[in-house]
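Both complexes below contain chain A, partnered by chain B and then by chain C.
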Partner chain A sequence: MCVSLSAAVLLKDMKLLDVKLGQLPSWLAMRDFTPGGILGAIRRGYNRYYTKYIDVRKGGLGGISMVLAGYVVISYIWSYSHLKHERRRKYH
Partner chain B sequence: MLSRLVLRAAPAALRSLQRPVTVGVLHATRPLHTSKQHLAPLPPLPEKGGEVRYGLIPEEYFQFLYPKTGVTGPYVLGTGLILYFLSKEIYVVNHETIAAICILSVIIYGIKKFGPEVAAFADKLNEEKIAKAQAVKTESIEGLEAAIEQEKKEQWRVEGRSYLFDAKRNNIAMLLETNYRERLLTVYNEVKKRLDYQVALQNLKRQKEQEHMIQWVEKSVVQSITPQQQKESISKCILDLKMLSKSAQATA
Partner chain C sequence: MILTFFDQFSSPCLLGIPLIILSMLFPTLLFPTPNNRWVTNRLTTLQLWLTHTITKQLMIPLNKPGHKWALILTSLMMLLLTINLLGLLPYTFTPTTQLSMNMALAFPLWLATLLVGLRNQPTTSLGHLLPEGTPTPLIPALIMIETISLFIRPLALGVRLTANLTAGHLLIQLISTATITLLPIMPTVSIITLTILLLLTILEVAVAMIQAYVFVLLLSLYLQENI
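After this line comes the complex of A and B, so read on.
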């Protein structure tokens, strides 16, 4: 494919934001889904967030507030099936 | 039985192990130093973290949408999403919403009021920590520099070694000279004493010989004077005396 030759960057090494929409499934398929790979991905993600927002001289509010907001959103998503019954209208 | 199997398989497994690659005198089974070099000294911590707007949304979101939609784009997107969630009741408004509104308002009021003070306090703690570490570092650097100064001074002192050795050599030469002269004096004294002894001995011997000879001669002379010779000599002496008195009377 032309992508593999362009700029000598392989598909599996490209970052997510550089992947075009049509190549997304193939890009996802090439990722490392072994437990070690997933653990590595989690560690990388954590390190990226940590070094960007928390491990600084003057850390701000955003560092932890984003984590708490994410927790709130995830817990809302997990409890949506219970909240569905408290909707005010039946048809939207 | 399984242990026997393992024991049988062990030599074959060992033989199939990779032969160690001799790198110079090192025996390594894998290449060394493959990872990138780590920075030393470590780069300093960034001053501020990533920008976050309203405490919830990173700045990258706004920058991502700016080329296509300008400044108001992200806000319009946010408003649209909120209205969509509300209208489709993906977000359900119930008693928890009221609780959330109250809690959030209190939190935001607290942050707005006490935020800067807490931030200043945290910064002060950080500054103290950094100042302590820095003090340790400067102290050790100063100590090492003082040591370097001492070392240089010692090196300068080493140059004066030649003077020291000259003085010491002079001292030693003087000591040797003094010692030599003392011994020379001793030798001279001793030799003089022995020679004096010999001289005294000879003198004594001669003296004794003289005395002895004189005594012997006197004794023999006295012995040889017979009584008859005595009488003759006495009368001769009287005659001489008479003549002398005559001549003395004549002159006087």
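After this line comes the complex of A and C, so read on.
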């Protein structure tokens, strides 16, 4: 990686994993939160996941299993208010 | 709050926002658009193979005007297949357990096949109300029976899908409750119930795929009569 060029990248365009912890609030403030910006961020995230795990020559089960596991987790979170009544307790 | 076994079928809601739309849109995430390459990635290859097999199976009995229905029948099949199979994952919500959704799918499509037939070839379509070779005295009764069966079709389509999936999910929940409850009391019976649960889950996977296929197949049959 060209370390000498990293200083030239603007803060607002840096990827999240490259941002230092102290710079995080200003990074968040500079991000594009318009609907078009959020859509762009979703599209970029989707493309990154797709090109890394699915659109490869010998993709495996892992690519789609991660999506399904995420769906299960999200469904659990959505139905938590129903599920907490199904625990085995004497008094709910 | 009174807890019943039917609570798993209540439409998911988060802070008052209905989430059923998200459950219905999730299958689109699993079908990425194939890029224009000669050799695609494994997921796209499998999906294209499945789509081609389904389309061929559905379109072989249909005549040329019927091939206009290829897109809607194949996409309906893929939608039902994914929705049913995703419902078998833990904690997920299956939109096809809701009678409203299945009737919304069945009724307009059945009505479309009926209207296409009545508009383009009314005599042939009405001719299906009387099977060939019936004895003359039976004709009035048989026409009434066939008309009733014609109008029952959308109801049957919707209710069949709903009932199969709802019953399957309910059985899974009941048997798993029995397994958990029996575990401290009679472990042997609990193991037997666990085996039954495993077999039932395999059956449910099969039922999920078969019910989707039956729905679309019946629609294509109604189309064959009318087009």
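As a working rule, the second predicted complex is superposed on the first by the 80 of 92 C-alpha atoms of A that agree within 3 Å, B and C clash if a C-alpha of one lies under 4 Å from a C-alpha of the other, contacts with A are read in each partner's own complex, and residues count from 1 in each chain.
Heads up, the rule we're going with is that contacts are C-beta pairs under 8 Å (C-beta built on N, C-alpha and C of every residue); 3 or more make two chains touch, one makes a residue touch a chain.
For clarity, every value in this text was computed on a predicted model and none was experimentally measured.
K.L.:
Judging by the criteria at the top, classify the pair chain B and chain C on chain A as clash or fit.
P.N.:
These partners fit in the superposed model.
K.L.:
Once the shared chain is lined up, is A:Arg89 touching chain B (first), chain C (second), both, or neither of them?
P.N.:
Touch partner of A:Arg89: chain B, not chain C.
K.L.:
First (chain B), second (chain C), both or neither: which does A:Ser65 touch?
P.N.:
After superposition on chain A, A:Ser65 lies in contact with chain B alone.
K.L.:
Figure out whether A:Ser26 sits in contact with chain B (first) or chain C (second), or with both, or with neither.
P.N.:
neither
K.L.:
Touching A:Asn47 in the superposition: chain B (first), chain C (second), both, neither?
P.N.:
neither
K.L.:
Contacts for A:Asp55 in the overlay, against chain B (first) and chain C (second): which applies, first, second, both or neither?
P.N.:
The answer is both, since A:Asp55 touches chain B and chain C.
K.L.:
In the superposed model, how near does chain B get to chain C, counting Cα atoms only, in Å?
P.N.:
Between chain B and chain C, the shortest C-alpha distance works out to 5 Å.
K.L.:
Across the two complexes, what residues of chain A are contacted by chain B and by chain C?
P.N.:
54-59, 63, 76, 83, 86, 92
K.L.:
Show which residues of chain C lie in contact with chain A when the two form their complex.
P.N.:
The contact residues of chain C facing chain A are 1, 3, 7, 10, 12, 14, 19, 26, 29-30, 32, 35, 41-43, 86, 89-93.
K.L.:
Which of the residues in chain B end up touching chain A in this complex?
P.N.:
Going by the criterion above, the answer is residues 45-52, 55-56, 58, 87-94, 111, 115, 119, 123, 126.
K.L.:
Note which residues of chain A are touching chain C in the complex, please.
P.N.:
On the chain A side, the touching residues are 50, 54-59, 63-64, 67-68, 71-72, 75-76, 78-79, 82-83, 85-86, 92.
K.L.:
Under the stated contact criterion, what part of chain A meets chain B in this complex?
P.N.:
52-63, 65-66, 69, 76, 80, 83-84, 86-89, 92
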